[in-house]
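Two complexes follow with chain A in common, the first pairing it with chain B and the second with chain C.
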Partner chain A sequence: MDFTLLVPEMFVAALACLLLILNLVAPRGERRGLVIFAVLGILAAIAVVAFNFDMFDGFLGRMYLVDAYASFFKILFLIAALLVCLTTMNYYKPLAGEGGEAYTIMLFATLGMMILVSAGELITLYVGLELMTISFYILTANLAGEDARSSEAGLKYLILGAISSAVMLYGFTLLYGVTGTTMIHEIAQFKEASPAFWLGVIFALSGFGFKIAAVPFHMWAPDIYEGAPTPVTIFLAVASKAAGFGVFVRFFLTAFPQHADHWIPVIAIMAAATMILGNLAAIPQQNIKRMLAYSSIAQAGYLLVGLVAASEAGVKSILFYAMIYVFATVGAFAVTIAFNNVSESDDIADYSGLARRSPLLAVTLLVCMLSMAGIPPLAGFAGKFYLFSAVIEQGFLWLAIIGLVMSMLSVYYYLSVVRVMYLGEVTDYSAIKLKGSMKLVLYVCMVLSIILGAYPGPLAELANIAARFMF
Partner chain B sequence: MDFITNPGFPYLSVILLTPLVGALALIFVPREEVWTIKAIAAVSTLVSLILSVLIFLAYDQTIGGMQFKEDILWIKDLGVSYSLGVDGISLPLLLLTNLIGFSAVYASWNNKDRVKEFFILLLILITGVMGTFVTRDLFIFLLFYEVVVIPIYIMVIIWGSTKRVTKEYAGMKLTIYLLIGSAFLLAGMIALYVNAYQLTGVRTMDIESLMLVPFTEHFQIIGFLLLGIGFCTLISMWPFHSWSPDGYAGAPTAVSMIHAGVLKKIGGYGLIRIGLFVLPAGAKFWAPLIAVLAVGNVVYAAVICLVQKDLKYVVGYSSVSHMGYVLIGIAALNVISINGAIAQMFAHGVMAALFFAMIGNLYEKSHTRNIPDFGGLANQVPRLAVGFMLAGLASLGLPGLASFPAEFTIFVGAFGVYQVFTIIAISGIIFTAVYILRMLGNVLFGPRQQQWDKLTDLKGPEWVPLIVLGTVLVTFGIFPYLLMDPINTGVTSLFARTGLSTVIGGGF
Partner chain C sequence: MSVSAIVFWIIAAVILGSAISVVTAHNLVHAAFFMVLTFFGVSGLYVLLEADFLAVVQILIYVGAVAVLIVFGVMLTQRKEMAQTNAFSRHKWVAAFLVILLQILFGYAVTHTPWLVVDEAAPDTTVGLLGEMMLTELVIPFEAVGILLLVAVVGAIILTKGARRIL
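For the complex of A and B:
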């Protein structure tokens, strides 16, 4: 057994534990330095993962897989964690000040995701999943003392998440009962499909569907995204969703390729429904976090399109899109954090005249939202191009048309926000001052959303390398 | 002109990117320095204009085909390259874009509200439109095409005007129509790309390579339908036209000029270059339908023009009507009619831009566009009246102005294919004459009205749109070969290369 394969995971676990101890010994009021410590630690972890990017090895006989596919996602989670930590600096007191343990829990959630995408076996997968989900229950309720919505969201997420975990676990037991193995690649050798087998597949599908908030398992997302502290919402929308996709894609493509004709149409319908419902439901929203929540449901629909393709090009497009989605979403939510900090409001109507109060916030929100809508030359366009060309290659022209029409329709509600920001009457002309860490996040997200669209080559190449390991 | 044909110098990149560089430079200019901002905008569009006139003259018609080529591999795994080039079809449209872009800067000279942002967006808009005409790559084409939509939206909602519809409504309608159209376009183009890859095993977005791919007839029909929905929405084909009058009415002058003048022409250009020459069998299948709807364009929009009271709505609907001629020319699928269609796109672009520039100028000073409010303006503002007359007479196809040879060529080409439709379409000229002459009469002539004595005539920078666009209208009207010859070399060589005439079986 080559334990060096686990270095990134061990590194993150050690970092989390160290943060916990430091949080205990550091005197009150001095704990803000912990964020900087966490940020540096995460940067180091990214370097560790990137160092071994395109290796391929299995640990404990393929129970735990270390390949470029997993590494790509690990880098994605760590980047998301990094950006989220930066957004909390100076902004979210309950996270940054007294409750320094939030960073520890965030790192444990990241660790769970890293295990999840590397899992080659059902029980490992489940352990990773629960580590991630339980960490999120705590994070969601992080503001419980101050904001009733946070505790409500935490409780809702706990109950719904537990149910979905139970359903998924039941599916896994059925699969184990039918096939006699928990190794994902051995399930693929099981050719005949009994009703119990299909029940297991469907239960597993619904469990993953819950994690990625795909229709019809999306109901929890808007409430919890709205109620949770915004940095947690970002982490939930970005990293948890990407982790869900990482394992979903690996599980279905490795375990059931021989039944592809049966489950692909189901996922195609799920994708279409998710794109349609997510975008249509976003239109009437008055609260920006709720609107972004619905739009992130729609984004899950686009990502599912890549799974429908079930090809190397499809997986590559999922990887590419998941990465650019990180920057677009973090950027958009970071604006809401900065704005909420001065106005204590998340209502779209209060964004009136933002362009005059802070051009940087307005432009970042504009760029990030248009990237999500897929307007060139922003990153979302390149991402959608990859996704839809992969699915058209497999003959799903109708799905591509639905997706493209819906993404153009989504411009409607994004532009409504733009209109308010650029045209709305201003009652308060005071400029919004931004802290350095927040400016950094905004610039990074905006600039990358532009660059990765105008010049997607390098990221596409990385995604290509990673996707090759799935086949 | 030998010095221009030096193959090493990236003329097209310079033409394309100069406005963008200007926009970037504007970001660093303080917003109070209004004069500097305008000067930068004017200079950067002037550089592009001069260079595009030069390459228009230097284009070697004896060789034909794509010239001034540039190639840089851009996205390796998709087979996308930043490849530029112009041929007889894109050259006039490139020139048109720069003529209108330059004039639009001057037409916005009196703008006082958020000047810096306005010119930044305007320059981005000009770059985007130009990009679609000079690229030889499908992906880059799409990229530039969709880039322009968002700046237009922001320009309409901030600097637009609310008359019959609010500017917010107009802007959103414009944006959503065009984006939904472009969704189909995008689907069609991705299908084209994927299908070509499956047939040839090469990932390429190069339009000329795609022309040589033997697509099945079934695919061509579906593909052309998808592309057609996108392009025909853009060229405001009836019944997908309703964004056009509302959008122009709500938009600020410069946006109306660019939108009616060139952006719309991307639809016709795409239909010809991508629809016709990449998917000839699809074009042949759908051409009769396009012809029917085009007649709808001509007649329906012309009749609506008769009852309009707002100057911008008259020009807006008349541009819908004129696009009907272009569509008939395209639908007739022969060299002559397509020559005419391209010439008409050029001529109409100049004419519509001049019209909107004059209306914008009048509206700026009188704060109304309602035709019954005016009368006898030729007394107070004779120079403005000249502009109106030039644009109006070009619009009704008066010989001696650029529109006449264009429309004439279309009818000559189309008559052999669709006799009845062509005759109906020609009758549209009568309606056009009625509403244009009535509008000119009501606004410009008649007794002098005291209330308009305070109006000031064109002066200083306001002259520029009239001089530039007016000169072009007259020059190309008197010497039509300047325009028709390059177009003809482009169209004939493409017909020859793709063997389109054998598929279509028509032609001369």
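For the complex of A and C:
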């Protein structure tokens, strides 16, 4: 047993436990420093993962896989956690007094995701998934008592999440019953598919579909994204979705490559439906969090396109797009946090004249939304280019066309927000002052959304290295 | 029909009957007790499969802890009238139809699948083997479950203290 392979996971677990203890022993009023401690800890964890990026090893055979693919996702989760921590700093007042537990739970959720993408075996996979999801139930509901929407969202997520976990677990037991193994790569040696085997595949598919909020398993997303505290929404939309994709892609490409002809068309239809429904439903939304929720459903559709390709290029494009999606989404939601902090409103109509009140907020929202829409030369364009070219290579031209049409459609609702911000009537001339940590997040997200579009080479190369380990 | 087959069908009937009653009982307390019966039935299945440890754990955790917790939950949120506490939604016939459809699908899948059959006798005691597995092969999920419990405990405290933003 080579325990050094688990150093990143141990590091994050230790960091979370340390934060929990510090939160208890630190005197009241001195707890503001905890978030800085968390941020520095996460930075160190990123360094630990990055240090062993380009390796391929397994703990106890192939029980737990430590490869560049998993490391890429681990870095993504940690970056997301880092940005989310920064958005909460100074913006959620009680942190100075109480409440450092939230960072602990967030780090444990990150740990769950890290276990999830490294899992080479079904029991490990399931435990990682539950660690992530249960942490999210707590985070989603933690405004309960103050905001009824938060407790409603928490309860909904708990019930729906539990059902989806149960369905997925049932699928796993069926697969185990048929194949007699819980090792993902050994399932692939099982050539003949029986009805129970397919039932297992379908159940696993619906479980993963729920986690990534793909149509028809998306119904939970808008309510929960709207009701949860916005930093939690960001983490849910970005990291939880990426973790879902990480394990979904690994599981299907490792366990069922021999049946690819059967499941790829199903995923293609799911991808098309997700892109169409996500984008169409985003158009009439009046609340910016709901709009971004539907847009994040649509983004899951684009990411699914990469899985339909089921090739090295496809996996590479998923990795690339997942990373740029982090910056675009965090940027857009961070603007809503900063705005809500001043105006206590999430209505798009209230964004009227935002460009005058805070040019930085308006520009960041503009860049991040256009990046999500895939306008060149922003990062989203490069991402969609990789995704669609990978799927066209595999002969799914129709899917790429749907994706392109829907991307163009999405420009409409993104630009309608921009129109309100830049051309809307200015009713309130007071400037919005931003704290340093928030400015940092906004600049990072905006600049990276531009740089990764104009100069995608290095990230694409990393994604390439990571994707190679899947085949 | 062998003795074990007869026992299996009796247990299966108990599990199914009580599980259906959990859903159809109008009184939440009755539903909770039917659930206890279901859990006992499942542990009977484990005994039949010679999985002694699982059978004991099933009773200890599900009957001893989960069911008692639920009954306590019902007690603490008591209403004056318990008759209609386990309400049905408006869609009960649609739900029944879908469930039956799903059962037919499952039935087809289960009967048309060549399942793996193990000829070896079950080990005398499973506790040692399970313990060994948890600390060797399954050490990562074992440790992760430990963390999961910690998260659940911290989360329960946060949520029950309530009325206080933590993020």
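Convention: the second predicted complex is superposed on the first by the 467 of 471 C-alpha atoms of A that agree within 3 Å, B and C clash if a C-alpha of one lies under 4 Å from a C-alpha of the other, contacts with A are read in each partner's own complex, and residues count from 1 in each chain.
The definition used in the following text is that a residue touches a chain if its C-beta (ideal position, glycine included) is under 8 Å from a C-beta of that chain, and two chains touch if they have at least 3 such contacts.
Quantities reported herein were computed from a predicted structural model and do not represent experimental measurements.
In the superposed model, which partner reaches more residues of chain A, chain B or chain C?
Touched residues of chain A are more numerous for C.
In the overlaid three-chain picture, which partner chain does A:Thr104 touch, first (chain B) or second (chain C), both, or neither?
Only chain C; A:Thr104 stays clear of chain B.
A:Pro376 in the overlay: touching chain B, chain C, both, or neither? Say first, second, both or neither.
first
Have a look at where A:Val127 lands relative to chain B and chain C in the superposition and call it first, second, both or neither.
In the superposition, A:Val127 touches chain C alone.
Could you look at A:Leu199 and tell me whether it touches chain B, chain C, both or neither (first, second, both, neither)?
Touch status of A:Leu199: second partner only.
Applying the document's definition of touch, where does A:Leu60 land relative to chain B and chain C: first, second, both, or neither?
A:Leu60 sits against chain C, while chain B stays out of touch.
What residues on chain B touch chain A, complex-wise?
Residues 74-78, 139, 142-144, 146-147, 149-150, 153-154, 157-158, 168, 172, 175-176, 179-180, 182-184, 186-187, 190-191, 193-194, 197-198, 222, 226 of chain B touch chain A in their complex.
For a test of understanding, state which residues of chain C touch chain A in their complex under the given definition.
That would be residues 105-106, 108-110, 112-116, 136-141, 144-145, 147-148, 150-152, 154-155, 158-159, 162-167 of chain C.
Can you check the complex and tell me which residues of chain A touch chain C?
For chain A paired with chain C, touching residues are 1, 6, 13, 20, 59-60, 63-64, 88, 92-95, 98-99, 101-102, 104-105, 108, 111-112, 115, 123-124, 126-128, 130-131, 134-135, 137-139, 141-146, 154, 174, 177-180, 194-199, 229, 231-232.
Spell out the part of chain A that touches chain B in their complex, as residue ranges.
Listed in rising order, the residues of chain A that touch chain B are 370, 375-377, 381-382, 385-386, 388-389, 392-393, 397, 400-401, 404-405, 407-409, 411-412, 415, 418-419, 422-423, 455-457, 460-461, 464.
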